[in-house]
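Quick notes on the structure that follows.
We just call them A, B and C in the order they show up, numbering each chain from 1.
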Amino acid sequence: MKQNIDSNIKTIVSALNALREQKPLVVNMSNYVGMNNTANALLALGASPIMAHSRDEMAEMLSFSGALVVNIGTLDSTWIKRMLFAVEQANIHKKPVVLDPVGCGASSLRTATSRQIAAAANKLIIRGNASEIIALAGEKAQSKGVDSLDSSAAALGAARYLRDTYQCAVVISGATDFIVTSDGQTQLDNGHEMMPYVTAMGCTLSALTGAFAAVGEETGLAAAAVLGVAGEIAAEQSKGPGSLQLNLLDALYQLDEATLIQRLKIS
Amino acid sequence: MKQNIDSNIKTIVSALNALREQKPLVVNMSNYVGMNNTANALLALGASPIMAHSRDEMAEMLSFSGALVVNIGTLDSTWIKRMLFAVEQANIHKKPVVLDPVGCGASSLRTATSRQIAAAANKLIIRGNASEIIALAGEKAQSKGVDSLDSSAAALGAARYLRDTYQCAVVISGATDFIVTSDGQTQLDNGHEMMPYVTAMGCTLSALTGAFAAVGEETGLAAAAVLGVAGEIAAEQSKGPGSLQLNLLDALYQLDEATLIQRLKIS
Amino acid sequence: MKQNIDSNIKTIVSALNALREQKPLVVNMSNYVGMNNTANALLALGASPIMAHSRDEMAEMLSFSGALVVNIGTLDSTWIKRMLFAVEQANIHKKPVVLDPVGCGASSLRTATSRQIAAAANKLIIRGNASEIIALAGEKAQSKGVDSLDSSAAALGAARYLRDTYQCAVVISGATDFIVTSDGQTQLDNGHEMMPYVTAMGCTLSALTGAFAAVGEETGLAAAAVLGVAGEIAAEQSKGPGSLQLNLLDALYQLDEATLIQRLKIS
């Protein structure tokens, strides 16, 4: 147990160092609401965001980028086709794909699209809140809108089902985060209760997951750890979600190995 | 007079409490510029934003949401069709519609589209600045771009015309806000002169108007009161519009009944 | 030399005063990531942003606005057509066009589109980072994604080539900014190394360039000077890119003539 935790901490720290050294390019097909937040979070941590969606450049973009993040937050028929095309290109170039199934369960369009993308990607990480993960797996979720009404633990069965079905890693984010992989599951208890009051926090986690995947950490663990710790530091200095949003970017920028290790609540 | 004011204050406070208790889902078809701000303001106050625009999910989204906010800030022919479809769905599900006629008067497309949406919605609240309200009513406005060049009071006649024509409530926002309903008009003198230097402040008011409409306050009064007071608190702590933007979210998050009542300038 | 510098400082200060007096309307066809930042920066400095992209209103918008900013950050086939239409309208109304060739060189779509727009505009200013300017000129750039890997000085030859080819002013932004015009070149050494960690900083410079062009300063010099100085002031007060983003808006809002003159590093 202790050994596993130590190995996880080592993975996280190495991944952060690799990210800052390599400054990986991450292609984001994200939603209109959170694009700014995700680009800023990637920059603040040390990665390099590309926001692109046109089919006419996606093949090129994925040939030299490290990962693709597909976020369905403001999907429509045009973007869905482009997302599937982008996933094809990611497969051709053997790049990892992070799927953020925003609002999965809130409409059948979102559920169906999330499943299409999950089925299409060869190297896949799914990052969602409990309601989204449960809905994606086809269980009856309490989803209402894009916020989760279920606790992370309630989605563990669904996450395992998704892992087995799509041969992927699954991150359930919430008050507690779970990373479910073929090696088992890891639990993270960082973060702060004020974080859900800032929009696009989940999108940010998905984007960071893409950045870490681009440097070889393809489970979402390092991203959840880093965002949890940075969010916690930021929230402690914040009077509300406005301050939190900016303090988070500062905390991602400043985050060092020692602070990360000291604050990690991993099990 | 005093009685009316007391009744208005009671309405505002009850609406705020109801909003925080019910955490209503608000569907936003907003513009690319302000989506992030409006989502964050809804979250900070205690509501739950859904940003959606695809026709393939709008019926579902409006079946379980509390209100629809239609903001034409970055309209085009595709979005206009979707907005009208969304209004139809809101009508079917008897949900209130908030129209934000951004830049009405600045182009004939914006004026015509605003009128189409106003005519289509069954339960309607219109929220605009003076120039937009005047242009929407067909009077000769001094509109230039999306900022208002007219004072709120200059738009009162236009607001009454719109109220009678569309059987709706009308909010004229500006240095002074007016809420014009079939019961007459209410004046609010909260807010701060720095607020127009932050983009999407009007969009934010429209989004909050939708959240309050979702819990039964269908005039825009509570939203204007809450944003005016929170904006005023935020501006007092701000060196400029950057700080104001984040302090506003903090102030919406922290706003309590006592502060609200104490600061309200209502007549 | 000294005379040139004095004349440049005079130009910058007069342009800032003119901008705040005239509050010019600037039409922005920008990308989804940075629209909010650019609108806020324009407002904070004292200009008036219009974000529009529909062909059905572009002719009207450009008839009464002062400048057009075209930013290809999240381009696709629909937006490219609209951008070219908007440039035509700007030409008809004799309005200056600022081209921001985001990611030029990162895909052939971006390179080709940037050249089409540059060739189409009659009164043109190009604002890009070194990699984008080099790629636009057709030299072999080290472009990787949307961030520059080349130093500003390395792009001077390319900038001169673009100036001669398109009869335009060219701004190379980076740690050092160069403004290349038919009168020669000006160098600015303001700014701060933390600025590239905030997304849409280049987009912001392009937007401000449009605002200054709308009041007659059609080289990009005043915009680069103002953003450099404001960014420097903001960074000195910031713990990271989150704070920087908001402090920048405050600094643009507060920037006065004396501070601007005192801080300018021009040669």
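As a convention for this text, contacts are C-beta pairs under 8 Å (C-beta built on N, C-alpha and C of every residue); 3 or more make two chains touch, one makes a residue touch a chain.
This structure is a prediction, so every number in the text was calculated from the model and none was measured.
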Task: Classification of the subunit A:subunit B interface as same or different, half of numbers criterion - done: different
TODO: Could you work out how far subunit B has to rotate to sit on subunit C, using CA atoms and steps of 5 degrees?
DONE: 120
TODO: List the centre-to-centre spacing of subunit A and subunit B in whole Å, with centres computed as mean CA coordinates.
DONE: 33
- [ ] Enumerate the residues of subunit A that touch no fewer than two other chains.
- [x] 32, 36, 245-246
Open item on the list: If we count contacts the way the header does, which residues on subunit C are in touch with subunit B in the complex?
Closed with: 25, 32, 35-36, 39-40, 43-44, 48-54, 56-57, 60-61, 64-65, 245-254
Task: Complex contact set, residues of subunit A against subunit B - done: 31-34, 36-37, 73-77, 103, 106-110, 144-147, 196-200, 238-243, 245-246
